[in-house]
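Chain lettering (A, B, C and D) follows the sequence in which the chains are written, and residue indices restart at 1 in each chain.
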Amino acid sequence: MISKKTAFFFLLPALVLIFIFLIFPAFWTLYYSLTDYSLLGASTEFIGVQNFINLFTSARFWNATILSFEFVFFSAIIGQAGVGLLLAMLFHRKSGWLKKLVRNLAVASWLIPAVVVAYAWAAFLDKEYGLLNQIIGIFGFTGIDWLNEVPMGSIIIFNIWRGAAFSMLLFTSALKTIPPSHFETADVVGASLWDKIKDIVLPQLKTFIGSDLALITLWTFNLFTPFLLTGGGPGRQTEILPIYTYFKAFKYMEFGLGAAISAVILFINLTLALVYLNYLKAE
Amino acid sequence: METSVKFEDLTKEFEDVVAVDHLNLKIEKGEFFALLGPSGCGKTTTLRLIAGLEQPTEGKIFLNNEDVSSYPPKERDVAMVFQDYALYPHMTISENIGYPLKVRGVAKEDRQERIKEAAENLQIGELLDRRPSQLSGGQQQRVSVARALVHEPSVFLFDEPLSNLDARLRIEARTFLRHLQKELGITTIYVTHDQSEALALADRIAIMEAGQARQVDAAQKVYHEPADTFVANFVGSPPMNLLQCRVNMEGETPILETENNTISFTNLENRLQRLKERDELILGIRPEDMDLTLNVDQDEQLTGLVGEIYAVETLGAQVLFSVKIGNSMIRVREMSSEKVSQLAVGDDVSVEINEDRVLYYDAEDKALIN
Amino acid sequence: METSVKFEDLTKEFEDVVAVDHLNLKIEKGEFFALLGPSGCGKTTTLRLIAGLEQPTEGKIFLNNEDVSSYPPKERDVAMVFQDYALYPHMTISENIGYPLKVRGVAKEDRQERIKEAAENLQIGELLDRRPSQLSGGQQQRVSVARALVHEPSVFLFDEPLSNLDARLRIEARTFLRHLQKELGITTIYVTHDQSEALALADRIAIMEAGQARQVDAAQKVYHEPADTFVANFVGSPPMNLLQCRVNMEGETPILETENNTISFTNLENRLQRLKERDELILGIRPEDMDLTLNVDQDEQLTGLVGEIYAVETLGAQVLFSVKIGNSMIRVREMSSEKVSQLAVGDDVSVEINEDRVLYYDAEDKALIN
Amino acid sequence: MISKKTAFFFLLPALVLIFIFLIFPAFWTLYYSLTDYSLLGASTEFIGVQNFINLFTSARFWNATILSFEFVFFSAIIGQAGVGLLLAMLFHRKSGWLKKLVRNLAVASWLIPAVVVAYAWAAFLDKEYGLLNQIIGIFGFTGIDWLNEVPMGSIIIFNIWRGAAFSMLLFTSALKTIPPSHFETADVVGASLWDKIKDIVLPQLKTFIGSDLALITLWTFNLFTPFLLTGGGPGRQTEILPIYTYFKAFKYMEFGLGAAISAVILFINLTLALVYLNYLKAE
């Protein structure tokens, strides 16, 4: 559609920008992670891997790392992908108002700003005035201070709710790539629902499931919005890595240490991405 | 003969469409039966009703004299071959063929033996360890037939199984299927929109339109005596010529007036009765039952059908002429010969009709007049 | 005659594939020329090279004796009709047909007139205000031809324009295209993989394989005298029978030995020369040039080709027999008749060959022996 | 694949959850927006539309609203959609390493947590140590305190960078839905690049462009991450609506007022969604 020359002419600035905005920040981060750069200190000096030593000997860092992995495993892999796949299969080759309603509600969940959602959740889970405790009260149980007593559970459910729609829509499209005749052949020979899942759906959706897990793992790993709900607390019970970084780098201006944490997150993400890519390539 | 499949008033409605409309049919044991019709005629729905993939709105289906209308697919003892073959891409050919046995819990050694047998029947014994993507279209087609064969069904259901193959392979696969079915003797119901495929393969054909069967007859009969103008126009390539005309009785001699010609036939006795009492008729004449002659003298007053050659097309050993007669187009198929090769576009020609082969259809209900 | 299109050593390579391989061709002015071949033979690439949508790796293209090899598409004065019609869905039929004129800055009134003229030529005058989605496949096909027609190109390029139509419409559209091209007299290059379409439409056909033309000849000649076994096996439905055999000279009488039969021809003089000096031959015989006889007495020692009927298929007015002779399969096409209808699968038959129609191919280079 | 009964059995709890988590919060928000609910006040009372009156007479609210619309217009509509369409067209029907590189880099931009990106940007734009000012310094210009002097520009560029990849990938797929023969027909008759854009691309991609604009508008409108870069400042120069909500509802615990702002945001989003849906339906 466009000649090579024109394309190059337009692309050069784009490439320069990408280089500046993507490649350079990565190196910049790595460089700063080896300094004691901070708005509190006077001058910036090269201190080698000292930031990383501090990090790896810090209980708070390990706490954040472990929480992050917990958060990803339960909210993304089990929650979003699992619920999404289940819903997609329930509605596969069905039509009707119920399917439309669920799909529209799923998409509608994206219309609402994270701030508002977090706000509604905070209200919903509030100890004294929250709807949840009022419902529980009707049945004669005593309410719980959810955000303080099961904070990790709260942000996990919150993230499942935010993300299940994506996986559901992705798997809904994915199921459409399997020709109906594959299911009908199975019907004619008398395959059960479990046979169909095991012999048709899972093997043929491997790639989609891999891509979905890759995306939602990375998104969840990098998610900052749980901060709105719990602020990382109570104590450090929900201080996942992005929130930990925020505290270090932005709140307390320890830029050198923040850069070191960023570098570690980048490393984990790259590793995860490569693992998934490898899995997808093997297919 | 024993009946293998029977429909009683079989009806299937989808929301506002009647796909199959009170269909009554009997298919004999061992018969190769084709459901032929244009898209949307209900032929595939009929097949899916037999398989149990759709539930009839009304009516009954009998398989081997048992009412199976409410049975789930697996209890019907049928096997289906789909247009896209429906092979599982992640399984080997052997696993694909054996899948129906595995689902039914057949033991592994027994399975291996029956897979081998089915594969040899289909001449794909050497492909068992490959995957579907490594096979040609024709080979995939055979694998899907082998998978249908392996659970020894009492009825085979084919849904346009050859339409994804190219022209050359289609002819080969057609011959092979025809041979295999005769050898195995399993009742086969075959859905297609391709009239040449139905003619070539089937013992009997049901030509369907709008959920109903317009004619159910042997292939030769469907071709030579189409029951109505719909069938006449659907079967044959090119189809039968249909000429509207008025009957004019000159005493005891019927004269047929077309748009701007008159036709009178010499051999009158056997036609007299059916022509006498009607005003309007449709003549049906196959393209091979006519002959062209060049009109050399343009001034001569001509009788019979006269017109101008509109196009000349080569059909291998034959030549197809389209002749414009008034506002109608008549197609004439001739063996290529010295004489024929002299006819060209724009020539004035007379069309001679092989009188014995002319069919008469009622202008009102479009049905064949016997 | 004047030359309209000429290739000199035309070559197109894609990465590791040679799509078109030193092709030399001349197409006359006003000719209907078909490029016929299986998929991947380079026919579509050749068409795209003429249009300027691809650049040749080597060689030259002349249009009206002008070297246009390096011209962009718009300067070549060609019009192209695509398989998918390429109509713009958001434009009316009138706007679609007029698009080439609009791009070239033709004034609105002039445009309207030429759109109307083209539409009337294609008999779609009453559809001008509709949108493509409101039209049938056959109508869309005509619109795309009208759009090609409207800028009065010196060459028409057709890329499988009929392959998205159903069988019935395809035959009608074919006749119409053939008529229109003869009427307009515009040089037309037509790409297809369907041998029957090429035979029916084209004055001359180039049969391509692997980027090269195997034969360039008139339709009748391609059918009756295929230049090599590739063409023989590609043209005709079903294709020509090809029988491998050895030549055995008994004195001056050549005897042909096939797998398990011997054939001797009576009319020897004109064959002697070409058979004498060879050890191995391939015989080419069209299915319609053979005849079957039932072998009543099984004990009698038979000469000629004997075998068993493998399958019987109805082809409208004709019947196709597949006969298994040793390991080869011979196809014989007979007019349906009383005699023919008695032959059934499993019968032992003799195959008689119409000697005058037999073609001889060299077993080494597969070329026709003249 | 699944019988109606089984489907209903699985769906009932899903529906109840959706109702609780999506519909109810909306009504809950509306209800609270009519009260003076706050962690600071003693008891919660119904105060009618007082919160809304306070809001609509507050200069700070109008500032946030106007900033939000500016932010959406420049970073989403002009920036992400525009850059995305341009890049997609440049690469349409091309192949080669450049296309792969740009696509991979675009996707790679999602691998990086917003916190890290914000961090790298903060470092990049820093007045004294930032790379940008150092580059400018080489050419003899004086550095600027970007985040303080052009804060809105900074977060707009940041959001274009985060989102252009999505629009580019969407338009790349969209262009593939136009049959190549449409462009080739245009080539043969001699249409210019502009003819092709005007007569083929824009009319046939209307739906995709509409959907893309709808999605990115809503996402950008609801985006909280600029907070990481500027914290809404300096002053209130980048206090877009989600940040304003955050301050009111979470930081200062004025839950009633927070609910009112949430209700307004919900209303704006619904309006935008309906406008787009209407446009898409008209097609």
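Just so it is clear, a residue touches a chain if its C-beta (ideal position, glycine included) is under 8 Å from a C-beta of that chain, and two chains touch if they have at least 3 such contacts.
Only a predicted model underlies this, so the values are computations on that prediction, with no experimental measurement involved.
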{"item": "Touching both chain A and chain C (chains)", "value": "B, D"}
{"item": "Chain pair with the most C-beta contacts", "value": "A-D"}
{"item": "Separation of mean Cα positions, chain D and chain C [Å, integer]", "value": "57"}
{"item": "Whole-Å gap between the CA centroids of chain B and chain C", "value": "25"}
{"item": "Averaged-CA centre spacing for the pair chain D and chain A, given as whole angstrom", "value": "18"}
{"item": "Junction residues of chain C - those touching two or more other chains", "value": "none"}
{"item": "Shared interface positions of chain A, touching two or more other chains", "value": "none"}
{"item": "Chain-level touch network, classified as line, ring, star, complete or other", "value": "ring"}
{"item": "Interchain contacts (touch definition) - all pairs", "value": "A-B, A-D, B-C, C-D"}
{"item": "Residues of chain C that touch chain D when the two form their complex", "value": "51-53, 72-75, 78-80, 82-86, 88-91, 99-100, 103-104, 147, 151"}
{"item": "Footprint of chain B on chain C - complex, ascending", "value": "38-39, 166-168, 171, 174-176, 178-179, 182, 193-196, 199-201, 219-220, 223, 234-239, 286, 288, 310-317, 320, 322, 329, 336, 341, 345"}
{"item": "Residue ranges of chain A touching chain B (in the complex, touch as defined)", "value": "179, 181-182, 184-191, 195, 199-200, 203-204"}
{"item": "Chain A contact footprint on chain D (complex, rising order)", "value": "1-2, 6-7, 10-11, 14-15, 18, 21-22, 24-26, 28-29, 32, 37, 44, 86-87, 89-94, 98, 102, 105, 108-124, 129, 131, 161, 183, 193, 196, 215, 218-219, 221-225, 228, 241-242, 245-246, 249-250, 255, 258-259, 262, 265-266, 269-270, 273"}
